């Protein structure tokens, strides 16, 4: 993780974009992996989980940032956890009200958003030091980044494991689904594969940079 | 096997629905502290201990919450009480058994934010286990966690000196290993119902 | 606190305790308020959702249901579920047709499947003394293999009229309900299993047999009370 500025940060596009790519909570920081693997056996579950996390992240970051001058250092973690648990409880009830099927599919993992390190990490490392505006923008960026990561896993797993996306048939009936992909091992494999891909891209970029530097060094 | 028998609950939590490899709970320590067998063992022990403590406290809180009909405060109460229970345990261990504290010390605070602990408390409530069943469930979960951690540490120690392509070092490799272990653990399914 | 510690406490600049209490108390009150508001607002919607889900499941296992009434049934007797809070028993749903006639009873059953516990709702018809349908409420069986028990048409056909007659003493079933090898079903009380989902199919047979041996005699015993349940 890059060093976070201790002084107030002005809100720029980077405040938002950082969560999407450079500091993506899942692919780069490897935080909050439990829900990432557990509920991504279908695209629908991945979207619901991503949105629920996004809401909790934004709401708790806002509140923490608003209260940042009033929270004594000694009890800050306890305060953050209470704030996060409150919003998670609210999300839990709202999802139950929207759709029981969805609630049953996600199971205890909605309530487990409380211990998602992404949220506590944002509260501690960013929202507690920054103005409300910056905190909200950053939280939205992180939440969207988290949702995108869930979608990356959810669509791949559903497509390979069931031949569908969001329940719509994609492959013809001749396709024999790789059932293992929607089972627990598939979660590990697909996330591992994504990480391999990103690592490969990163190394290729570095090599290109090196080659470019070498070229300019030779040219001068 | 009777789904409510203590043996089944224990086996189910430890092997069939292993917390790490089937339910994905407690992945952070699983990937973070599984490089060496010795640390993995200590982490496993500490987690098992905390699981037992929080399972008992969660059982108590739930009893109170149901009694006063305020179950909507469950999540907030669980997380607050588990965090303070771990703190208390840490202080008690430090005072009464410094040697044990040295072994478990740095791991205890890490465990508080481990989703396996809260997950355990929530699952035992959803499944409406009584006190003994909760104990069997938390012991099983702790044993299962330790087994998964030890297996992973063993594999990673073996791989330490192996030649790997540079892209596959680090987290990606650990995840692939975890996937293979998870695949192997799927073989435990059916332990409960096969002989009926 | 020892005196040395006291001195140290004085030397360090400390946040006054009241500030900590104020913040923690304030945040706790705020969160309590928010949670209660959310709970009150969503409670009626959630209860409505749950009611619809159960009604859907009941009408799935008993054809032609118009209304239902919940009872608690045990060896001690039959009690309305919304009445006496101290009454104990297994929850059953009596289903009635348009004219208030008893169409059947829906019961829950559970047993260990391949991966985890399988929970079902099934319908029982008191006139033919048979099982009229099943619906899986919860399972974690392997997709593509064990989970066929939820939708395989040949398997579900077993439960359109599964024989569950009582024996002469009305203490249990005349013929125990058993799951048999695929293609070897000969009698009306046998369940033809799905090949490739043996353990899951067996679990269904086991749970219906276990629940039926216990509950069907009780249902027949309290049939009159169940029949008038809707009017009374």
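Order of writing sets the chain letters: A, B and C. Residues in each chain are counted from 1.
Definition applied: a residue touches a chain if its C-beta (ideal position, glycine included) is under 8 Å from a C-beta of that chain, and two chains touch if they have at least 3 such contacts.
Just so it is clear, the structure is predicted and the values come from calculations on it, not from any experiment.
Name the chain pair with more contacting C-beta pairs, choosing from A-C and A-B.
By the number of C-beta pairs in contact, the winner is A-B.
Would you identify the chain whose C-alpha centroid lies closest to the centroid of all protein C-alpha atoms displayed?
Per-chain C-alpha centroids compared to the overall one single out B.
Centroid from C-alpha atoms only, then distance chain B to chain C, rounded to Å. What do you get?
Taking the mean C-alpha position of each chain, the two centres sit 29 Å apart.
Distance between chain A and chain C based on Cα centroids, please, to the nearest Å.
Roughly 35 Å, centre to centre.
Measuring centre to centre with CA averages, how many angstrom lie between chain A and chain B?
23
Could you pull out the residues of chain B that touch at least 2 other chains?
Answer for chain B, listing residues that touch two or more other chains: 72-73, 76.
Going by the touch rule set out above, which residues of chain A reach two or more other chains?
In chain A, the residues touching two or more other chains are 78, 82, 85-86, 89, 93, 183.
Two or more other chains in contact with one residue: find those residues in chain C.
Residues 31, 35, 39, 142 of chain C each touch two or more of the other chains.
Which residues, counting only chain B, touch chain C once they are in their complex?
Contact set of chain B toward chain C: 1-3, 8, 12, 16-17, 72-73, 76, 189-190, 192-194, 196.
Touching chain A in the complex: which residues of chain B?
Where chain B meets chain A, its residues are 21-28, 31, 72-73, 75-76, 79-80, 83, 113-115, 117-119, 122-123, 126, 166-168, 170-173, 175-176, 178-180, 182-183, 186.
Using the touch rule from the top, collect the residues of chain A that touch chain C in their complex.
The contact residues of chain A facing chain C are 67, 70-75, 78-79, 82-83, 85-87, 89-90, 93-94, 96-97, 99-100, 104, 161-162, 177, 179, 182-183.
For a test of understanding, state which residues of chain A touch chain B in their complex under the given definition.
Those residues of chain A that touch chain B are 30-31, 33-35, 37-38, 78, 81-82, 85-86, 88-89, 92-93, 107-108, 111-112, 114-117, 120, 180, 183-189, 191-193, 195-196, 199-200, 203.
Which of the residues in chain C come into contact with chain B in the complex?
My answer: residues 31-32, 35-36, 39, 110-117, 142, 199, 202-203, 206.
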